[in-house]
Amino acid sequence: MFYKELKEGFCLDLTVNIAGLNFKNPVIAASGTFGFGREYADYFDLNRLGGISVKGLTLEPRRGNDPPRIAETPGGILNSVGLQNPGVHAFIRDEIPFLRKYDLVVIANVAGNSIEDYCKMAEILSDADIDAIELNVSCPNVKEGCLLFGSNPKGVLEVTGEVRRLCKKPLIVKLTPNVTDIVEIAKAAEAAGADCISLINTVLGMAIDIEVRKPVLANIMGGLSGPAVKPVAVRMVYQVSKGVRIPVIGMGGISNGDDAVEFLLAGASAVMIGTAGFVNPGVWVETIDGIERYMKKHHFERVAELTGALV
Amino acid sequence: MNFNERILKSEILAKNIHLLRIKSERIAMKASPGQFVNVRCGTGLDAYLRRPVSICRVDSEENTFDMVFMNRGKGTNLLCGLYCDDVIDVMGPLGNGFTLPGKNEHIAVVGGGIGIFPLLYLLEKSGNAKKSAFLGFRTKKAVVLKEAFQKACDELVISTDDGSYGIDGLITEPFLKWLEAERPDRVYTCGPLPMMRAVALSCMEQGIFCEVSMEQRMGCGIGACLVCACKVKDGDDFNYAHVCKDGPVFPAERLML
Amino acid sequence: MFYKELKEGFCLDLTVNIAGLNFKNPVIAASGTFGFGREYADYFDLNRLGGISVKGLTLEPRRGNDPPRIAETPGGILNSVGLQNPGVHAFIRDEIPFLRKYDLVVIANVAGNSIEDYCKMAEILSDADIDAIELNVSCPNVKEGCLLFGSNPKGVLEVTGEVRRLCKKPLIVKLTPNVTDIVEIAKAAEAAGADCISLINTVLGMAIDIEVRKPVLANIMGGLSGPAVKPVAVRMVYQVSKGVRIPVIGMGGISNGDDAVEFLLAGASAVMIGTAGFVNPGVWVETIDGIERYMKKHHFERVAELTGALV
Amino acid sequence: MNFNERILKSEILAKNIHLLRIKSERIAMKASPGQFVNVRCGTGLDAYLRRPVSICRVDSEENTFDMVFMNRGKGTNLLCGLYCDDVIDVMGPLGNGFTLPGKNEHIAVVGGGIGIFPLLYLLEKSGNAKKSAFLGFRTKKAVVLKEAFQKACDELVISTDDGSYGIDGLITEPFLKWLEAERPDRVYTCGPLPMMRAVALSCMEQGIFCEVSMEQRMGCGIGACLVCACKVKDGDDFNYAHVCKDGPVFPAERLML
């Protein structure tokens, strides 16, 4: 029997500590799907969230790619937003004060065209009122930088290492699934001083509108997310969490508490959720509730015990 | 989060054009013309994303609203299977609607295809303005809601692409002639891009207030994911606004048409 | 306008010629999903098919992996059959005579633990009554060989090169999507003498049964196929067909004629269909009919004109 | 390819246990006990694979068959939404069934949970054999088809895990005692693996003919994809047979239990 004794006055502990950050629960809004939180604040109390990873930031404002930027695919979506964002300075000025009204971990997701970009942003954000930096070396929707760094261990080692030297905040490195050997890349990030790995970013894909004989996305290719990618994400979380000693934040297609538990059991310490929120803005809150239900049913007191708890 | 509402009426207006009347205090109380709802089609993976559909009219006494949609893909096809008393998951009202006209102003709406639906709501909410409506359809069989439009405006001009009903040809032709002659206070347009472009450019040339309702593929529908980009002027340059939150209705001058 | 004039007495040409092989239509049963054709022969006339790629063969019989070997995932499935097959000799003896009763292109899909394995099978099959060899360097479900070769250009170059020297049949190389740069690998196959590239094999994934806290598959990980992978497959077909001069056979999640057309437009000369047949044994025939309907509607006379015909 | 058939009856036998009666000449004419059908649940991606369900009985005059299933996941849940006159997509009959007993032989069936359903069909088709049935359920509320079994056999023994109905405990206990006393000609078993193992091992020890109906997750359901592997003896070694084509029914001696 793998059940533990149910205690009297049993009380659930949903907190997780990752790289010194205290999340009140392991459910985090995924970067790029949640803006800076303002929109979903109309739909639920952001205080429910464990954390938020904000829309990917760049040093300068970016206007992003031509539309259409989204295509529906079986069980998922392709997007090619191309990192539209107001730039790191506007973020600090306009968005942090809003986010700080809530009790949640604020993660700044950053993407650069060059190592210097990443370093500058890390410096700037080290002095800003955020909790952690998520290095996005995995965005498939921009021409330079980013994915290039994330596609090989050397690139990840370099950019992570340089940023690490300047960065005074806990450093999360977000990996792309579009690689042959994800573990090798995660290890490079770890070796270079990352405090945490998050994965997966989107899977490079494409859809064609056969009536007009053109790619659906103006940018031709885009990043696949949503339920369709879940098995790929679970696999990578499993592999990476076995391969590195730092904690892993898992994501990719999570739509409910059961999915989140799947990632935790695979080895994740926390999860991020993005695409499913487009369909169901209640997904973050329902996922927290669903994890709780699972813990009660299976007699886990602390959510941290779920991490890697395969039998 | 629960956006489920009850369907009071499900009606086929024409081949592939369906109307749903939905009871929803939430939406009926807050909606304004030009806004839309984001509709879940089924509950599963088959049409995963919500579909944006304009609010076509609101009955604020009954707390109902109508939406009219064309069956043209996986999602809308699932909506065709909904009947009276079924439940439908509708987020909304979403977006920024039309600027309502002032008292006694003279307005015109110019719509084509599925673009006509939000214009009906606009006409019905435009009080005692003087209202002209120009509607283009593909063919006679596609003409829908004629009576409702007739009631809602003072002057109704219909054209069909194939000439099988009303004026033969695009609706822009009679409209543009009329525009120059009548010089209304406000023009509102929704429909195929070439139509809207022609309408907006003429209005701008003549200094007539014009609002355009844009379409774009959507993700979240509320401004969080930034996929529904729409080119807007930004000084000498351009930028991307978002149809779901900044729009769907934009002042003609803001757009790069 | 991209429509061509509709001629009187308009007649559709569905044939495609790939590496000298004449397929009467571009729809081929995918390896491992169709056995040796016997089972589906009870459901439709195999003569309708353009071709069949038989269950992956090894030099010696293999009994495959422990069950469960299949898991359902959102819009797809994971499998971990592990190349259960009677061996190449039994195939020649017991299956070729059956297949030869039908008018279709017979492709022998082969997988090895070593380059020698591949070479031996290529020699043996060169003298057998088959039409082409499909080099499976992409099976994720066996411990040694196979995927190892397929995961890097050097491996593909080597195994393809060695086989090419012995192989008297048209040589198709089937690639795995689990790589960073699919084009580089396809180019290696081309450089080593492949006549055709087929892709994608399955995407490595994993599913966990949270009630028992175990992976669903006995083998822990498995290969993802079905509709969920379609955007990844279309993207890779698009990239590879632009990167090599040899023809490409596309597959991954095709469920109907429209999906097949999407692959053809992306650059494929023919398509393979597997998983969708489990759900709908009529999928192969319906896909052929669906392609025909599309050609009529869009005024294409020859299916070969669809290949890469994006506007 | 069209495997659509019409549902004549949809009945809830117990909490989460549903019966569907389906009109199908194709299946009713060809089926034999122990075979199954592979059922499409819905038409979309939500439960993508077909679900194997045993044929529970056949009415060859009416050309109908019954299937009884437990609602325990995405697919079976979709099947719960089917009613009389709805259409259902059922491939079959599939697999190899039980060896029917000879005239006047004495047979026993031992079933547990959802494993009892194919055994009813077997009893009903076993003509004038002398028939004993041993059925195990979780609890009293889960006991279904009692009358049908009673009619179909000469002796019916029921147990429940919690003792709320019939004998208290596992059905293997009364069965194994009975087996030694009665030494029937043939034993057939379907249900949880531990139950089938106990039954099969005892039969083999005592040299009594025994067939076992196995379960495994399936892809194609017809023998083409090789996912539904089942370990079988192969000389001193083992090999994998396939539940959908070589089974689901196997002689006990073939299995590695």
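Here are a few things to note about the model shown:
All chains are identified by letter, namely A, B, C and D, in their written order; residue positions are counted from 1 within each chain.
Going forward, a contact is a pair of C-beta atoms (placed from the backbone, for glycine too) under 8 Å apart; a residue touches a chain by one contact, two chains touch by 3 or more.
What you are looking at is a predicted structure, and each value in this text was computed from that prediction instead of being measured.
Touch-path distance (fewest steps) from chain A to chain D is 2.
Chain centre most remote from that of chain C: B (centre = mean of CA atoms). One inter-chain figure worth recording: chain A and chain B are separated by 36 Å, centre to centre, where each centre is the mean of the chain's CA atoms. With centres taken as mean Cα positions, chain C sits 46 Å from chain B.
Centroids of chain B and chain D (each the mean of its C-alpha atoms) stand 56 Å apart.
With touch defined as above, residues shared between interfaces to two or more other chains in chain C number as follows: 71, 74-76, 226-227. The set of chain D residues that touch two or more partner chains comprises 45.
If touching chains are joined by edges, the resulting network of the protein chains shown is one closed cycle, each chain touching exactly two neighbours. According to the touch criterion at the top of this document, the contacting chain pairs are A-B, A-C, B-D, C-D. Of all the residues in chain A, the ones that touch chain C in their complex are 2, 71, 73-76, 78, 151-152, 178-181, 203-208, 210, 212-215, 220-221, 224, 226-232, 234-235, 238, 253, 258, 261-262, 265-266, 294, 309-311.
Chain contact summary for the complex, chain A toward chain B: residues 32-35, 38-40, 42-44, 55, 63-72, 74-77, 79, 81, 84, 226-227, 275, 277-282, 285-286. Taken together, the chain D residues at the contact with chain B in this complex read 42, 44-46.
Listing the residues of chain B that touch chain A in their complex gives 1-2, 40, 45, 47-50, 74, 91, 216-230, 238-240, 245.
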